[in-house]
Amino acid sequence: MLTANFPILEIPSRGKRLAYLDNAATTQKPQSVIDATAHYYREQNANVHRGAYWLSQEATALFDQTRVQLANWINAESSDEVIFTKGCTESINLVAHSWGMNNLSQGDVILVSRMEHHANFVPWQQVSIAKGASIVEIPITDLGEIDLEAYQNLLTGRVKMVAIVHVSNSIGTINPIKKMIAMAHKVGAKVMVDGAQALAHLKVDVQDLGVDFYAISGHKMYGPTGVGALYGKRELLDAMPPYQTGGSMIRTVSFEETTFAALPDKFEPGTPNIGGIIPWASAITFLEGQNLLEVAAQEANLAQVLEKQIEQINGIRVVGKAAHRAGIVSILADWTHAHDLGTILDSEGVAVRTGHHCCMPLMKRFNIVATTRASFGIYNTMEDVDQCVAAVQKAKRIFG
Amino acid sequence: MIEDLYQELIIDHARFPQNRGSLAAPSHSAHQYNPLCGDEVTLQLLVENGVIQDIAFEGQGCAISTAATSIMTTLIKGKTTEEAKALGQLFRDKITGNAEIEDLGELEALVPIKEYPMRVKCATLPWHALLDALRSETT
Amino acid sequence: MLTANFPILEIPSRGKRLAYLDNAATTQKPQSVIDATAHYYREQNANVHRGAYWLSQEATALFDQTRVQLANWINAESSDEVIFTKGCTESINLVAHSWGMNNLSQGDVILVSRMEHHANFVPWQQVSIAKGASIVEIPITDLGEIDLEAYQNLLTGRVKMVAIVHVSNSIGTINPIKKMIAMAHKVGAKVMVDGAQALAHLKVDVQDLGVDFYAISGHKMYGPTGVGALYGKRELLDAMPPYQTGGSMIRTVSFEETTFAALPDKFEPGTPNIGGIIPWASAITFLEGQNLLEVAAQEANLAQVLEKQIEQINGIRVVGKAAHRAGIVSILADWTHAHDLGTILDSEGVAVRTGHHCCMPLMKRFNIVATTRASFGIYNTMEDVDQCVAAVQKAKRIFG
Amino acid sequence: MIEDLYQELIIDHARFPQNRGSLAAPSHSAHQYNPLCGDEVTLQLLVENGVIQDIAFEGQGCAISTAATSIMTTLIKGKTTEEAKALGQLFRDKITGNAEIEDLGELEALVPIKEYPMRVKCATLPWHALLDALRSETT
């Protein structure tokens, strides 16, 4: 059984069985990742790259191996195109700053979809302010899909960057990014895809997508916290100046002049999160062992069943009805606020997230403030769905 | 038990809040916003000779914050500002775990929230607005 | 025995007893930190701050607790003044960017000591280039001490920032930072102290020091990798714009305008390294249980014995002879290169670092390219010293 | 055994390197720098009709890189550029773990470095310089 691999799922929550439905916030970790973490600190801990000794040599080899494994997993042409960061948010900040500050100017346009997470929105807004570029919305339909016609019309020669989420963390929409990338490239724009929600559910092939930049979060794909990655096309990364600076990313340093290292070191100053990066490989190995198509179908199915059942409860509706959707259900009840619903679910052992899910512009689009969101992972079962439905029914009884 | 928290008193206050609206000539007012959950409250007071003569609020929020605001307004209307502040202090202390505190009347209904620390702010939001308002002077 | 607390020390290295003398690169982790890490992922893993459920509530409480514990440990006035970062390097980049880009202009001067690690050098050089400020060297003496007279003479009204390392990672010098901070403040300059090497050995009191910004690395103080902190005075941090942007650091987001959260959230976008931050508390608890004055004296004593014994070997000298020094010994042999010495030490189980130690300007000052550095930690003993001395003697025999 | 690596042959080459110096009229040259350890080598070649007629190097580095450079120069002087490149390829393969490769003469002394992967670059530095140089054309 898969759940046996995730010890946390056995621990009761508020005295009830835990139904962990907050996978879009962070996934639980398989035993192999937990073991690899403890093993690293117990037997392999050393700083990487510049150690003259055996432990450091071993740690360095393992560290480099994660990069290669991740590069293969997303089918990057070279592992040099995979930059380690502390998370998806930093990956996007890196691009917005290093690419944006050097490639945008007055009058340029950045297209940002209405359903972006703040991580793929605020950095672009900041750079647009700094450079006098404008940030323009790619609208979405009432179903929560990108309005492709509107997108096509927005794609003029002034568009330099398109920022788009692969899978919406709020409403689950899986965007047609391959098509959108091709459309952007026709007008010479680059595309930054926020892949935070994708890696745990979809097989991503960056070369097939043709994507320019792709941001990844480790902790949302069954890996440790504090690790992420940026994929970027080599010619783009090569042309970009460093982002953060410090040790390990330099070639030579003097008061007169500093020169920088080649990829990927150029973008990785300081001691990396070695104790996170090395166990991350175990998370990728775990995913490699799954049939992701089946997993995604199973998660989406659970979400659909949940949706169907709670929509039978009076006054409940689900926001986001895209045809192509991941296992995410954003719930609204006209008889209570998202937070009250979340607390009652919590009291029943059902772990969900409430609020704007870092998507205020999206909330505004639907004229709402917050939703109660259930998001599915690889270990969820129909039992979790049933528990969630029963808890919503209980809330309905309480609020009458 | 979650039913201790979402008891009839709370649900009633949330559904039919007391003192909802605005004052014609408030002497003090404040706006509080909790960005984490989107709860918002605008509080208006009419204070004369140190006594809260009238009070009203507007805003949107969860059942807890709405009920907490409604209950607060009913309890402090007619009290001196010092009495109101003292009550708020007692409430905040009790809700964050000090069990020694005397019975606080209708406010007791909100005390079970202490099992849900991430919701405590919802219950204390109007009391923060009160402190803010008393520091303010409106025209 | 303290060493029993550090399981990695029991593992042979290249078939020999491990003498781990690379503590300036990273320290080993006590069992309590390893256990806390595994425990977190096994029983407590959840995203913090916005979860509507019990697990998230518990994780959030523990997460916040580390901030309070660290703030108390360095005697910050408020835990809001402690910003979590991914490491010391990022802490300094944050200041160089957010403070530097907004407080420096043409003609301003940044003073940087000759012994800075690249982490407290390159970011200042980058911002000086961007803003037209100049970066001026605080010279050091032949002993490897700050030249205080020269420093005094450099302190004019044009100096806006002084960047200085608390304890040199290359040569162990403990700088008189309290005095240097007071001197800088007289001319209105702010001071950025790089405390990467200090926390494991000294009790730091930021209020007593009067320091403006103080950068901390978790993995160099017996904590996990991928965590660090920036202490900053509240009025400075309050006045600074955000550095990286994204989720959790905002108040409101819209296409028209974004407003930002208060301290410390303003500087902490995205999911933090929760699985690193929470166990970091165990490292601080470990340090709280030590008599740091005794620990520092013991480490310095081991370093002195090592220094004395190897200097009796023909052609060996130690670089950096500051009167006030931590347990760091930087070795030069006129009969071999640092790397060859490092490899021979490695073959004898002695783990040291060779190279420029991310201090190229310092190397140049002494007209050298690299040293072989032994750095001591809390678990080191005279046995490690003896093993290191014997290995240097063996190298001498090999090179004749 | 560390003595297998730091054997007399290596120590001798490191102490008394062959072909140290510079050429009056090199046809090819290259500079290689390993920022991690500070090893530097400048290599000059005189190639005529595809044959390396003369070779010289300057630089500073550890015993391994100095010895590796010295050994390389003695082995490839008189060889065609193709033969030299092929030898470098064999050496790089052997040193990164391919044990099947034939005996490479004096280069065998460097093979124990494979136990110390972080030092492999020291031994391959001159061979990288050679490839760079052969791609270059100097006046």
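Letters A, B, C and D mark the chains as written, and numbering starts fresh at 1 in each.
Note that in this section a contact is a pair of C-beta atoms (placed from the backbone, for glycine too) under 8 Å apart; a residue touches a chain by one contact, two chains touch by 3 or more.
The model shown is predicted, which means the values in this text are computed figures rather than measured ones.
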Chain B and chain D: spacing of chain centres that average the CA atoms, whole Å: 79
Inter-centroid spacing, chain D versus chain C (mean Cα positions, whole Å): 38
CA centroid of chain B to CA centroid of chain C, Å: 46
Euclidean distance of C-alpha centroids - chain A vs chain C, Å: 31
Per-residue overlap in chain B, given as positions that touch at least 2 other chains: 36, 116
Where chain A touches two or more other chains, by residue: 50-52, 56, 250, 252, 339, 343, 346, 354-355
Category of the chain touch graph - line, ring, star, complete, other: other
Set of all touching chain pairs, with the criterion as stated earlier: A-B, A-C, A-D, B-C, C-D
Residues of chain B defined as touching chain C within the complex: 33, 35-36, 116-118
Touching residues on chain A, where the partner in the complex is chain B: 336-340, 343-344, 346-348, 354-356, 369-370, 398-400
Contact set on chain C toward chain A in their complex: 7-8, 11, 13-14, 18, 20, 22, 25-26, 28-29, 33-34, 37-38, 41-47, 50-56, 86-90, 92-93, 117-119, 121-123, 125-126, 135, 137, 217, 219, 224-227, 242, 244-248, 250, 252-255, 258, 269-276, 339, 342-343, 345-346, 350-355, 358, 360-361, 364, 372
Residue ranges of chain D touching chain C (in the complex, touch as defined): 1-3, 5-6, 11, 36-39, 60-64, 116, 119, 122
Partner chain B, residues of chain C touching it in the complex: 49-52, 56-57, 60-61, 250-252, 261
